[in-house]
């Protein structure tokens, strides 16, 4: 990875996040965009809960998928866009706490496929517990600018 | 599987779905609960979209996870509850259409672990396109009644 | 899928299998090659066992991966080759019996990516038990003929 | 994890590896067993190759599965044994080189389920290339001593 991270890339990635109505629906925020890694934060509120009062596993998947997908997007030129091919998520502990943090990271950038991972932590009383572990495959769409 | 499906089981599974605020948030409905299989339907509306105007892949994962998890729940006694251990989702086509249907199904019921799958279809102009394929592992929590 | 399956495709796919030393090492055979589906058979012999005397889960993965990958290869022109991007395998029962059969199948053929699945059965006293369930992503390498 | 790693655990884990005929078949060795992590090494020889002369992806899966599974086994008491529930493997580069090293590691130990990962590296001219990334779920079989 180059030492200098073009601020225009971060801007482009943030603009894409802003266009995701689904991220707004669940009240996710996107405080960290760096080269090859991002963070999505999610406050725990009633709308994202499952039947036991924890955050729904599918919502954990949503923020893990997006955090890692956007980490991949930081690695591609402005002329290309990215697409999730597949992801696999282990839910290892209840998503219990005031807030979740999904940390997405590029594991191996390729020309056409990018392999990524995400860790999702539940923050409770200031303590982080790893509650989700995701491994993902991203496809680069050459010449398809995200409008 | 037995030929007779206890209506109390369907009732119990539906009551659990009703307690999932996250399903209400995305406007999912739960029209089909049978022994070893369920369906979750999702209207396409702006709140669940990603940046291209299709349904967010993470939302596809949410309904696939829940449909298959509830299919598993139809196989366990009232004294037990179920938990998603992990799932793997392939997104094969844009979730483009008026509505999505996630069909969850038990592949192999075990005493402690249940393996399931879900197919997610996008319905556009009455035509079904397979847009998501999921394989999932569910854990049975013996003696943990869902309140 | 077209109704006529070009016998040259089956021939090409079989020739590729023959070049896999790893398939010979485990004594796998390749009796079925049809459009979009194949079968790999594996006799149960001591060399492929894990510590409990069942067939090793990794070997179950080997035949599942190859059966589904070759199912994908039946869908691409002679000018292209295929590559496993990733697979996910559930091991649901001990691979216990005289022989295993891996049935690979194309779920969704795409131009660049093909999604496949495989079921692996253990045959014991003539009875088939599903012991492995696999979901896989295959990449088409355009213009890369398999030598 | 405790600071002291009982040498009897390493001995028990190594003895299990020795009973795996499939590991001997592919000529895998097991030089590293520590608390929560292990390494399996595999020389590149013709018997484990696929059609392009690289190590077969299924063989990469075999050593990843075993390395991570044995990492899990280091965390359970002598009265218990472990079982692979499922694994997901990304193949990111050809397994090209003189030798492969699979590094298995426990991510989250639980009483009944243990989540693990493995990285598989191809060593060529002394340089390590990450060629496989695996995420795995292991089940603890309480009271089932491995004979």
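Per-chain numbering from 1; labels A, B, C and D assigned in written order.
One rule holds in what follows: a contact is a pair of C-beta atoms (placed from the backbone, for glycine too) under 8 Å apart; a residue touches a chain by one contact, two chains touch by 3 or more.
For each chain, UniProt lists the protein as follows: A, B, C, D = Medium/long-chain acyl-CoA thioesterase YigI.
In this text the structure is predicted, and so the values were computed from the model without any measurement.
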>> So which of C-D, B-D or A-D matches A-C, with over half of the contact pairs the same residue numbers?
In response: B-D
> Residue numbers at the chain A-chain B interface: does the shared fraction exceed half, giving same, or fall under half, giving different?
Replying inline: same
> More C-beta pairs touching across which pair, B-C or B-D?
Replying inline: B-C
> Just how far, in Å, is the C-alpha centre of chain B from the one of chain A?
Replying inline: 22
> With chain centres defined as C-alpha means, what is the inter-centre distance between chain B and chain C in Å?
Replying inline: 29
> Distance-wise, how many Å sit between the C-alpha centres of chain B and chain D, to the nearest whole number?
Replying inline: 33
> Do you know which chain B residues sit against two or more other chains?
Replying inline: 85-86, 88, 90, 137
> When you draw the chains as points and link the ones that touch, which shape shows up: line, ring, star, complete, or other?
Replying inline: complete
>> Quick check: in the complex, which residue numbers of chain A touch chain B?
In response: 16-17, 19-26, 46-52, 55-59, 61-66, 83-91, 146
>> Which stretch or stretches of chain D touch chain A in the complex?
In response: 88, 90, 92-93, 107-108, 110, 115, 117, 130, 133, 135, 137
> Which residues of chain B touch chain D in their complex?
Replying inline: 85-86, 88, 112-113, 137, 139
